[in-house]
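Chain lettering (A, B, C and D) follows the sequence in which the chains are written, and residue indices restart at 1 in each chain.
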């Protein structure tokens, strides 16, 4: 299982969460990565944890002010990037452009979407993975695997019908090891996490609990 | 072949073009429709021509100011709508939402996209049809079927791989009957036209020439 | 006082509300106008009521699909337009462009904004009027004149400091004649209304009550 | 004069340009700052040069993915930020929100705009400074002070009428010391530069030439 921790713009110490993630990663078969803000990419990557960007723009080197260039994220230590998170939705053509930009810079890609139909659409753009996150469950603490298990299974089916090479993650409300196991049982290859770890008093303990059943 | 004439915000008389389209439609096996601005939908529909909207928003009845409600377009006489035209690109989630809104209102849907990958993505959202229009050819007078025939064939393949029920149109630079025949030969079920008819001195003659070889 | 009724995409009969507004307008010194969806502009204007658009795009005649051209709104019978409503916010440069487009087409302009600072900014772009609508009060039934009277007075001051020719309307939560009187007492030259009239069982009675104290 | 060098997403070495700017800054009365991409803020700030962000979002700590938090930019070493650059235009309400976010984090603000009317609007939102950059001149090598001197003087007047405490910079096409002197003569308190320095073979020499006449 791939466990990707999105630090959003939370008031957490990104380096402390990154070190916790790195340490827990060494104790488990799960693959753990951390996605900090662009300004923190370098500091997080220096901890040795697998580092992801939260977003890259559909641009190349050139006259772009206030954008995130995939090459700059890679140069700062990122090895992958989220694209089209529900808090950073992109136009269809720009999802395509952002995937191509990430590929060009050697970044792995996870494209987020709200429902199985959009997961199929995202898969047709040939990212490495897609992640289904029903917006109404984000931040609720109610895991998608429990609140709406069909959406995970349907997303896995939708992606497989379009491109069998695209793996499927799920997110929204996941905070316990049981949730992660349930996600795996529904066909998911990984989970997106955020507040459950990033806002925990003890991120290492929260993560250890999370991957313990795996 | 389906011939859809997009009037954009051209300074043409929408009713005159609509009447020309209606008259030519009666002389040919091709299916001809006209997509005027929202403010002109009713006037165009009253001519009896098949009338399409240029865009609908991913909304329902309610507190939305300055949006195009699918039901209002249908009520004004539209029977279909373009979605995600390159001059009105939408977020991926909103392409999905606009298709669902159009279906709810009984409107047929054509989702535009720039390239075969995006055509696959659009097809995964289950519209009635998709339309590939390479942005660099729009308004050039160089038909896509001649400048980049592979993009049409690849779009037809991409849509078929995802959903065999989704038909494929093509657009950009089409202005002669030969272009329409070439588009059909490449597997396209129709064409999007704009300035070639809307800005013609004699729209009826331009349309008649266009459908003559069919 | 100017009373501008925004029909949004409510499931109301736009012609019935327009006729009610026209009839009440003849009985009062207040100036009453109705802003329907773009598809309904022509039908509403035909009732003889003063008709406004809900939005125009910062464009000219040309290659624009799915946009609202100011000239098309004027041609359908609109004499004014809202710009930058909180449900249709525009980029700063596009607020400027939309005002210029409306002026070109002879449309009167009311630019909406959330707070006194933004009202000052909107006034600097020289529209005919600005309208302050705190987003948190829209649709609440709690009138801005009561919930936050300072915001109206501060908006009047902010506009006057920048351009004394720009009048100030207010909106959000207004539904009774007392609310309208209170808005006038705070220095407002008019009000934006929506659900209070558009969703009333008897729009004519709701409007008559509203303008009765004036 | 304030000389702000926008590195955009140019393929330059941000640290090399920063060191050059730092060194030239010590030899001149001009104030020189560098605005790198968010991923490079920390590395650039470590050189000791005055460091600016290219953009901050109108957000606070919380659930925001792929955004630039003003506090994170400040924490990485930025002391100011551009807002609403023509390559990163914001909605009017978001220009306001981004200025407030920057203030909260202790960042100085320069809001960009296209013309004198928009400069007045930006000034009404009370940033520290505004910058007029006619979009059609950006990247041309033709300085605004020469191509359209009126736009600079009119921008200075527009800002002063709204708020005398807001200083005015200008940009677009500036690449020589003469351009900077001309900008100062027109009432500008500083200039925005980009390719003229960032893409120079010898950024230190380019900058030294630029500030030499001051």
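Assorted remarks:
Definition applied: a contact is a pair of C-beta atoms (placed from the backbone, for glycine too) under 8 Å apart; a residue touches a chain by one contact, two chains touch by 3 or more.
The model shown is predicted, which means the values in this text are computed figures rather than measured ones.
Listed by label, the chains that touch subunit A and also subunit D number zero. Rounded to a multiple of 5, the C-alpha superposition of subunit B onto subunit D involves a rotation of 180 degrees. Where subunit B touches subunit C, the two copies mostly use the same residue numbers: shared numbers make up over half of all numbers in play. Most remote chain with respect to subunit D, judged by CA-atom centres, is B. Taking each chain's centre as the mean of its C-alpha atoms, subunit A lies 43 Å from subunit C. One simple way to say how far apart two chains are is to compare their mean CA positions; for subunit B and subunit C this gives 33 Å.
The geometric centre of subunit C is 36 Å away from that of subunit D, both derived from CA atoms. In subunit A, the positions touching at least two other chains are 86. In terms of inter-chain touching, the protein chains here make up one closed cycle, each touching precisely two others.
This structure has the following touching chain pairs: A-B, A-D, B-C, C-D.
Within the complex formed with subunit C, the subunit B residues making contact are 6, 8-11, 37-43, 54-55, 59-69, 72-73, 75-76, 82, 85-88, 138-139, 194-195. Of all the residues in subunit C, the ones that touch subunit D in their complex are 84, 86, 89-93, 95-96, 113-115, 117-118, 120-126, 158, 161-162.
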